[in-house]
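Got a structure for you, questions after.
All chains are identified by letter, namely A, B, C and D, in their written order; residue positions are counted from 1 within each chain.
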Amino acid sequence: MPRTSAIPSTLKKKAKEFGKPQSGFRLHLYTIIFEADTKAGKRFDVAIVIAILLSISVVLAGSVPQIDARHGRTMDILEWGFTLLFTAEYIARLVCVRHPLRYATSFFGIIDLLSILPTYFSLFVPEAGALLDVRILRLLRIFRIFKLTLYLDEYMMLGEALRASGRKILIFLSVVLMAVLILGTIMYVVEGPKSGFTSIPIAMYWAVVTMTTVGYGDIVPQTGVGKAIASFMMLLGWGVLAVPTGIVTAEMTSQRMGRRAPTTRTCPECLTEGHEATARFCKNCGAELPPYRYEPV
Amino acid sequence: MPRTSAIPSTLKKKAKEFGKPQSGFRLHLYTIIFEADTKAGKRFDVAIVIAILLSISVVLAGSVPQIDARHGRTMDILEWGFTLLFTAEYIARLVCVRHPLRYATSFFGIIDLLSILPTYFSLFVPEAGALLDVRILRLLRIFRIFKLTLYLDEYMMLGEALRASGRKILIFLSVVLMAVLILGTIMYVVEGPKSGFTSIPIAMYWAVVTMTTVGYGDIVPQTGVGKAIASFMMLLGWGVLAVPTGIVTAEMTSQRMGRRAPTTRTCPECLTEGHEATARFCKNCGAELPPYRYEPV
Amino acid sequence: MPRTSAIPSTLKKKAKEFGKPQSGFRLHLYTIIFEADTKAGKRFDVAIVIAILLSISVVLAGSVPQIDARHGRTMDILEWGFTLLFTAEYIARLVCVRHPLRYATSFFGIIDLLSILPTYFSLFVPEAGALLDVRILRLLRIFRIFKLTLYLDEYMMLGEALRASGRKILIFLSVVLMAVLILGTIMYVVEGPKSGFTSIPIAMYWAVVTMTTVGYGDIVPQTGVGKAIASFMMLLGWGVLAVPTGIVTAEMTSQRMGRRAPTTRTCPECLTEGHEATARFCKNCGAELPPYRYEPV
Amino acid sequence: MPRTSAIPSTLKKKAKEFGKPQSGFRLHLYTIIFEADTKAGKRFDVAIVIAILLSISVVLAGSVPQIDARHGRTMDILEWGFTLLFTAEYIARLVCVRHPLRYATSFFGIIDLLSILPTYFSLFVPEAGALLDVRILRLLRIFRIFKLTLYLDEYMMLGEALRASGRKILIFLSVVLMAVLILGTIMYVVEGPKSGFTSIPIAMYWAVVTMTTVGYGDIVPQTGVGKAIASFMMLLGWGVLAVPTGIVTAEMTSQRMGRRAPTTRTCPECLTEGHEATARFCKNCGAELPPYRYEPV
């Protein structure tokens, strides 16, 4: 991985888009919030990261029935505390940039808004009856975790590496989906609804469970033919991992053995072997070596 | 992967086999159907791909009992619609090439025929009672998905890469099958029918489920010895993935570290770097190198 | 993999140990059985391989209760047929070599003997009552599969590759066993017998099932702490595969990018970039290049 | 892996920290316990390793209810035997170094103490009622296994390799945890407590079980949407292993094929091979190369 110091902070790059103010209170606020060069800026970053992690823990804990029963009120108070904190942060961000609309419509601006809106919405939703609403609100708050990715360049680089390989991943995925479709339908025909394969989509779900080697066991083949086909599918899903790994290891091992003893290249003076393919002089006695012809192993 | 532009489209290559007509209406049809150079040709390709995906969705939906109960008639009508569309496409292909028989007997010609025949067969099969026939007909319609592979060279290249490694894959597979046979039979002896290992083939099925790390849990070892043998098999199946991966990573890491060490070693004459730790003369100009002391990283 | 033609057949090498006869009937028999140069020799090899596979299928089928009930007699007759065939082969091998004792005590000689003895033993064992004896006899017959490894050099090479990496594999395995021991015991303490973790060995069995990602589900953690520790173990077992794979891919990708654009090396004449580290002349205009200093990426 | 002979034994390095005595009985004891150069030193090492393995087997066996019932007394006696043995070893180590406090506070010193204290504590704990105490005591005794790592440098190197990659592993782990958090919460919303997803932490546990492809089956998605999201997660967890493996294999294979192609390109002046397909001048002597036409393999 390239050294992070060589890459300008993504945070800084994005912040420049929103417009750094010239002077005054807004500039002071900007350097704290959007930049991490000053002590205050660094402390702000750490504080926000801790706040995000704590607020997510509160959402997690609040979803556990036993904790909700005993500490429901405390959870609500903490949740409001964090919401007010993040609201203040959001307003501060909007205030101190020169193009607040650009920030509000950017990916991170939307995440920040989504992080605080649910709690306000919950004022209008009676929580006693609407369990699903509560669960959805909790989900939206969880998205605060994405704010963390602002703080580390490695995440951005990982994202770019994925985009670069995007086409290969899609081709691979489509082949896997075709296998799931064909083999799933075959099992649907062979096993049938009585064995749990009630429709082709369900059979495809079972095929994914099997070929990714997860193997819940909620649906299992009952017939002999079905078990045979399932075994083939398991070897396929596992083999996609095992066969290339074996080929790469074999390749690498034979390369290593080849590089250590290119015995066909001998110094005519001192008879030493093991010179590099591109070496022109013997590393042992300094004599000039005859040209080398590449021989694939 | 080689750049696709440097490789003539597989579709074009195959199409040339079937005979491109000289002129007239047939030539016009040919350029649309078999070639993708013109706007019409591209739109035709896109339309067929969408039609294939939609028709498969219809087969999938039709297999779900709830959807079949409520929208069965609509599904039938849609299915006939797609069948007529693909029949028209098939006839068009036969009409516009000069050697229709070659097309009809090729892989893609057979796929195209299999895509439309089932629906015609269903006229002769009473669907109410014969559930298995319905399931088989659905399976044959699913094979339309193979028509998609015409449209991307990457699929053809993937197929060729697999053929090239064919022998290695077979050797690997046979070793896995031998392990499944031997270890499965051992478990059959150790656990016996009372534990669910009712026959050697069933024990082999369990061995595949275990060694590919799928682990349904429909059959599990009950005895202590059985659990010990099963643990060995699990470590084997998982280890086949983990051990080579670890070896390759160790190899790569030590290569990378090894390459870093020689940078401190510079030839005083020509300033070339990258000499081996034990080299005594410069491989580029023959001058004598100052001594080197190995420092482990 | 090295080309098989460059490696003398293992079969031939081993056969030479046993002593090739000088002349006559024994020499003729020897060339058929131990060598594969003649047409008769090749046909013999093929015939024996087919016989081995068929005999194993008979053992497999015979273990299935339904097949044994309906065709038990046929299975017995076929089993005796194969036993007599392999006995004849065994005797022929002993007869036509000059040192029959060496053959009888070699790995393959013992396998051959084990392949035929069980059926003779079964004469002395009443099959009706002693189900375990029957199962053990079936197991010994299955070992015939090892005779197949004689016929392909790749198996021998695979065996040697494994022996070469033997030490690394043992180190790796011992670390895995230590993790299984420690984490299994921790789960035994945390979950206890009421949750199914009845003893440390059982907890270690569960740890293997979990860390190899098999996950039968016969034993699952019941407590919150247990589920957290189990999650850690699952990420460990899966991560051992995922993390090195990711590191190797990142390494390879950055190498590939590095080789394509070593932009620090520019030809002073034509300003072309992208010269190899060891190149001395510009590949584009022929001018001499300044020496290159290796910069690790 | 670097050759172990070139690396001073970690044991020796650490022992030097504790202070090797000058002479006499203590020096004699020191060379046996902390060094492995003499025959006595080697035998001591082997004896301690065997004692550790045996004592751990006793703890394992003692945890099995059936064995504890029948041989409980024997297990206790053996356990005391080992405890006294390790106590003697611990005292010997303290006695024969010059800075016993450094040893007592080092990692291995603490392990040694933890290995023997539990048995002494058990004198004060009535074992009949306090099952948990017994289980915890057994756990502490298991830590004796760490004493084994003293004896092999490979373990220390493995530890250092892990520390070197520490940051990459943490980044990777944090991405996985974010996926588990987000996708687990989504499933909690979609499936809900009725399907077994009783809280977000439980849903995250299920997400880990699924994405690491363990798949216990104790919790499974019940709704169609849930199964679809679960399928996506399974393909993600399995794909993280499969996609990079495939990319690395494709990369390696095309490199191997690429290296073969340039061998036909030879410089007419110096006969060097291995020029790039697009090179116009020889990188070794500067002479002009004949044109080259790219032929895909």
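Throughout what follows, contacts are C-beta pairs under 8 Å (C-beta built on N, C-alpha and C of every residue); 3 or more make two chains touch, one makes a residue touch a chain.
If you want to know which protein each chain is, UniProt gives these names: A, B, C, D = Ion transporter.
Keep in mind that what you see is a predicted model, and the values were worked out from it rather than measured.
Colleague: Since subunit A and subunit B are copies that touch, just let me know if over half of their interface numbering is common to both, same, or not, different.
Modeller: Under half of the interface numbering overlaps between copies: different.
Colleague: Approximately how many whole Å separate the CA-defined centres of subunit A and subunit C?
Modeller: One centre to the other, that is 34 Å.
Colleague: Could you state the distance in Å from the CA-based centre of subunit C to that of subunit D?
Modeller: 24
Colleague: CA centre of subunit B versus CA centre of subunit D: separation in Å?
Modeller: Inter-chain centre distance comes to 34 Å.
Colleague: Subunit D: which residues touch two or more other chains?
Modeller: 1, 168, 201-202, 204, 213-217, 237, 241, 245, 247-248, 250, 252-253, 284, in rising order.
Colleague: Connecting every touching chain pair, does the picture come out as line, ring, star, complete or other?
Modeller: Chain contacts: complete, every pair touches.
Colleague: In the complex, go through subunit B and note every residue touching subunit D.
Modeller: The touching residues are 1-2, 6-7, 161, 213-217, 241, 250, 253-254, 294, 296.
Colleague: What part of subunit C is in contact with subunit D in the complex they form?
Modeller: So the residues of subunit C touching subunit D come out as 168, 171, 175, 178, 181-182, 185-186, 188-189, 192-193, 198-202, 204, 210, 213-217, 220, 224, 227-228, 230-231, 234-235, 237-239, 241-243, 245-250, 252-253, 256, 275-276, 278-288.
Colleague: Which subunit A residues qualify as touching subunit D in the complex?
Modeller: It is residues 1, 56, 59-60, 63-65, 131-132, 135-136, 138-139, 142-143, 145-146, 148, 152, 154-155, 158, 165, 168-169, 172-173, 176, 201-202, 204-205, 208-209, 211-218, 237, 240-241, 244-245, 247-248, 251-252, 277-278, 280, 291-294, 296 of subunit A that touch subunit D.
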